[in-house]
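Going by the order they are written in, the chains are A, B, C and D; count residues from 1 in each one.
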Amino acid sequence: MASNKIRIVLVGGSGYAGFEAVRWLGRHPNAELVGVFGSSKNLVPLDELYPLLTKQVSMRQELFEIESVKKLSPELVILCVPHKVAMSYVPLLREAGIRCIDLSADYRIASAEIYEKWYCPHTDTEHLKEAVYGLPEFFSSEIRSANLVANPGCYPTCSVLPLAPVLKAGLIEPTGIVINAISGVSGAGRTPSQKFHFPDRNENFEPYGVGNHRHMPEIEQTLTTILGGAVEVLFQPHLSPMDRGMLCSIYARPAAGATAQKIMEALHAEYDSKPFVRVRDDVLPATKYVSYTNYCDVTATLAKGTVVLFSALDNLLKGASGQAIQNMNIMFGFEETTGLY
Amino acid sequence: MASNKIRIVLVGGSGYAGFEAVRWLGRHPNAELVGVFGSSKNLVPLDELYPLLTKQVSMRQELFEIESVKKLSPELVILCVPHKVAMSYVPLLREAGIRCIDLSADYRIASAEIYEKWYCPHTDTEHLKEAVYGLPEFFSSEIRSANLVANPGCYPTCSVLPLAPVLKAGLIEPTGIVINAISGVSGAGRTPSQKFHFPDRNENFEPYGVGNHRHMPEIEQTLTTILGGAVEVLFQPHLSPMDRGMLCSIYARPAAGATAQKIMEALHAEYDSKPFVRVRDDVLPATKYVSYTNYCDVTATLAKGTVVLFSALDNLLKGASGQAIQNMNIMFGFEETTGLY
Amino acid sequence: MASNKIRIVLVGGSGYAGFEAVRWLGRHPNAELVGVFGSSKNLVPLDELYPLLTKQVSMRQELFEIESVKKLSPELVILCVPHKVAMSYVPLLREAGIRCIDLSADYRIASAEIYEKWYCPHTDTEHLKEAVYGLPEFFSSEIRSANLVANPGCYPTCSVLPLAPVLKAGLIEPTGIVINAISGVSGAGRTPSQKFHFPDRNENFEPYGVGNHRHMPEIEQTLTTILGGAVEVLFQPHLSPMDRGMLCSIYARPAAGATAQKIMEALHAEYDSKPFVRVRDDVLPATKYVSYTNYCDVTATLAKGTVVLFSALDNLLKGASGQAIQNMNIMFGFEETTGLY
Amino acid sequence: MASNKIRIVLVGGSGYAGFEAVRWLGRHPNAELVGVFGSSKNLVPLDELYPLLTKQVSMRQELFEIESVKKLSPELVILCVPHKVAMSYVPLLREAGIRCIDLSADYRIASAEIYEKWYCPHTDTEHLKEAVYGLPEFFSSEIRSANLVANPGCYPTCSVLPLAPVLKAGLIEPTGIVINAISGVSGAGRTPSQKFHFPDRNENFEPYGVGNHRHMPEIEQTLTTILGGAVEVLFQPHLSPMDRGMLCSIYARPAAGATAQKIMEALHAEYDSKPFVRVRDDVLPATKYVSYTNYCDVTATLAKGTVVLFSALDNLLKGASGQAIQNMNIMFGFEETTGLY
């Protein structure tokens, strides 16, 4: 049976996205996790880091060495390491002819200049050129043949999915868009700090990153690409006291002639045939309707002369590892929903 | 000692606002709760409804009868009953010469016509005329001599406090303002339903009341009154999985010449001398910094050409019963902060 | 492909256990949900009850009628209806020759007399005789050929798994055992009430059912059956403010010669070869290590002359629907772990 | 007005207990916080550590120097520093003639030998002799005249209060007592770590400290003192995913002749006249009934031949700073409930 399965190597198993990738790969009928590598020297077996995995996956994490990876003959490497680390590994993997899905930000921003303004010097502009932005609802044909997929950020996925069809249909103005987003705390990663200490975080809701969150340029680039014209957004994230889940409330000025019905039609036209976006006529999006799933729920209306869009997803699934598996399915010709129930 | 204290009657002790009023009145050095009345026939002692109160307050709730209230000779009646019920009691209380603070919506909207559009027929337009809107930061002189104070809604308090000084200073446009608000679940009241059932609500974040929340006209009326010119807002509430706390993220277009510094100066000029609003230069507002207090924290900045304001308060205190006690302090000549530490 | 799959009918899709059954059956490679029936007249489609299921399962729930069920030719009916309702359906299903897994209490207690003391009159003592208690770790050979499996309660599963091997090994006294258990709130079901209203339940921990929880006789019966001698326990449940998860802390008197090592050896001997019980040498059981899995984690030690055992599971999976699927796997000859990753 | 107030110095304002002490002292009509000192060099103003305190308390924390403390002429020093630090400060304070309430463990264990077994070498056995254990329900006359009060631990308070009257009345056996306790996460202090990282802690319930929690000898010593005969307990703590609150479920063997009624009578006889312990006939103790109060709720029953006692308190109030203020009230002749509503 294993012979039917593609061989997957995971790089970076210690964060929450890596953990979810392990969990969901374990459910996938056509993929097999054959090795896990990490970037730090203190590498412990996966089930020591995550006792939930005992009896499922007890693999050691090895220190990333390209020769060790090659020995495992993976068809695909999924990288869940931090930005900067990712672009030190990808060139080695690509030179070895291995296809990659990178969950870091390193290959998401097409312009190295913009990347460097928000992150750090880019050290692999060569492969940056071949990277495909892994938002399957809009770039599935490029993803199919891609060798390097830059898996989108959670906030960009949640922001772009509701906005793109409405922008494309010319129903909202492409500037002055406000994206008010909230995330569960797992979105902030696994490193403890005062800000995420349970008694400081529980029963607490707060904004952060005003005007300077790194997902803002990614959102603008993606929408601009899809629209074929400049899109400008103000992106404002907040933390909500919950493990997981993300919800965007988006406010935009209607273009001439826009109606709530036309906006909903544009969303339905785009997504009714796509498996993981659900256009909601029945209920407003809520994080619990999408948690532990790969769905993104969207809806829209007009209120007091403003277009209001809502979207929700699970930040660790459609916002990270679920979307990576969706991309994997497309890259390897599996049905898009395989293993993602 | 009791002789120094004003005599307070509470009408409506069974909801969360009534409960908080009881708790905080118990700490007040100059006020004494002398009776509790309710509107339904199934009236149980307070400490049966709220076992937390045992050994503190064991009063029975009696069915509201104006004669029974009068026998207690209260200087003040605080009403924590639903709208519609409030305006059936207030005329009786006012005719008996008793001063009132009403936490319902019945006397908040000056125009009976607007009230009736959002709520129900108004049956006490006579006393509506004498009602004073109980936002102490802007109407303290009227509150001082008021016989009937309409205690503001939680969302209006949290929305108006950050916006008013900036509008007055002419630093933002008075239209196209978006108020993205979140509330803890106690804001939805004490009646159980599927929506608020713990396993459905926990780990869940969702919007509600799109374009039709009843606090929207109250916000617009109050800002319009303070500014002396029409203000239009889009108010969008959400539920966050936490007991208490409220946070508004507000987006507005800057007027010509507006800078982040000028906006912060306008906030400081308004509030530095006022005890319960804190203008934050140090941290962004967060609900945990205000929970179980009567503070409202506000701050502002400019981001990508948009004015962004944040405000936070405890929906049951500065958003309800704490503000009522602040109003009581003003009405009876106590220091504004008395009993509200 | 569907031809390889067994046909499953679910009766009772509206509760949390039914919902989880739907979710996990959807992942199962060898089973297909072909119909959903309910016991009340107000039957809505599954994805209206649970918007999470949209685009996955949009089946209507029909009113249970034996003829309608038979038309679907199911190999198995899984019942997630309340006790009493279950025993009104099972006779009809069994007479139609359909195998059943019942998640209610109706067929768990072998003695109708004891059942009636704790629940209500038993109206199907005939099939009670053929029912097999569906705890796979101890009764898998009976389950394999069973026509009617009584799926264990969540608390009994979590209590019996740590205790049984230690009792069998003669390492603890069979009387005076105290089981201090906690459950997440989903264990209390989906019906809203004051007790489970979010602001009353959040930040709240409390005991309930002192000395009279219905799972107590089920625990005693099962342990007595496994030991072949009377076992007496005091079972004390509590609610913890979380969605899901269950943890038992069990205190027992050591038998002569018992040591911590021998107790752990007894647990390892029983469970090392079984897929869904994990004997923990590395960490203490915690609900997060088992949530959204079908595992039960157990461990034991001796402290101050008392044997202390801990166990944890997800009340909706190993404590309900996951265990039902595990039983289904055994009944139909699939590998025990199929579809339960 | 200040002249009527006793002058309080707080040592250790940065932890949660220090924070609560500041909050509640601010409400106290007869006490005034005149200075805050800390043990580390990185001392920031209180409202920088706790933005909730802005506009209430903006005191700097100074590095502890006995001369600086003396200059403030405090009538009382409340110490909220870790054990070991406390016993380096107390001798200096006592030699300066200042009365102290110490919230650390340093003066709770009368026997230096036992202390040293569980903590570290004791460096102030001289003042250990004069220390009074600050459980007001049992030692109020000693507290009244004490110069050094060792404020009890949260778990010992919650364990001793239900057990002591029942032991004294001879209604349970003094050995083989099991105390199954749970605490909110604030009980673990303010230092971030993986274990208390929000996404690891939320939706998670787990035991810890099996057989080796430092509060066990404190519980045994206190009960032994009160009973006048050896008491042995097994104390087992757990963490529940909530900010605050503590609940003990206690199991003991009944002595001959014990009945549920007699046990309740023993509790009522002890506590009906005491302001902060409530014997519950109406409801079972639950953490929400005591949170943000100084109450401890207790109740008892007999179930299956075992005496079951429950108790609940707020770990930061009756379990720490509230009890410290209760002790202060007794030491300075104020009514016991002053400032603790």
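What we mean here is this: contacts are C-beta pairs under 8 Å (C-beta built on N, C-alpha and C of every residue); 3 or more make two chains touch, one makes a residue touch a chain.
Note that the coordinates shown come from a computational prediction; the quantities given were computed from them, not determined experimentally.
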item	value
Fewest touching-chain hops separating subunit A from subunit C	1
Farthest chain (mean CA position) relative to subunit D	A
Separation of mean Cα positions, subunit B and subunit A [Å, integer]	40
Whole-Å gap between the CA centroids of subunit A and subunit D	47
Between subunit B and subunit D, centroid-to-centroid distance (C-alpha), Å	36
Overlap residues in subunit A, where contacts from two or more other chains coincide	184, 200, 202-203, 241-244, 286, 288, 291
Parts of subunit C lying in touch with subunit D, wherever the complex brings them together	176, 178, 180, 182, 184, 200, 202-208, 210-212, 232-234, 236, 238, 240-245, 247, 249, 251, 284-288, 291, 301-306, 308, 310, 312
Footprint of subunit A on subunit C - complex, ascending	23, 26-27, 29, 48, 51-52, 54-56, 203, 275, 278, 280, 282-283, 286, 288-293, 295, 297, 341
Interface residues, subunit C side, partner subunit B - complex	16, 184-186, 190-194, 196-203, 241-244
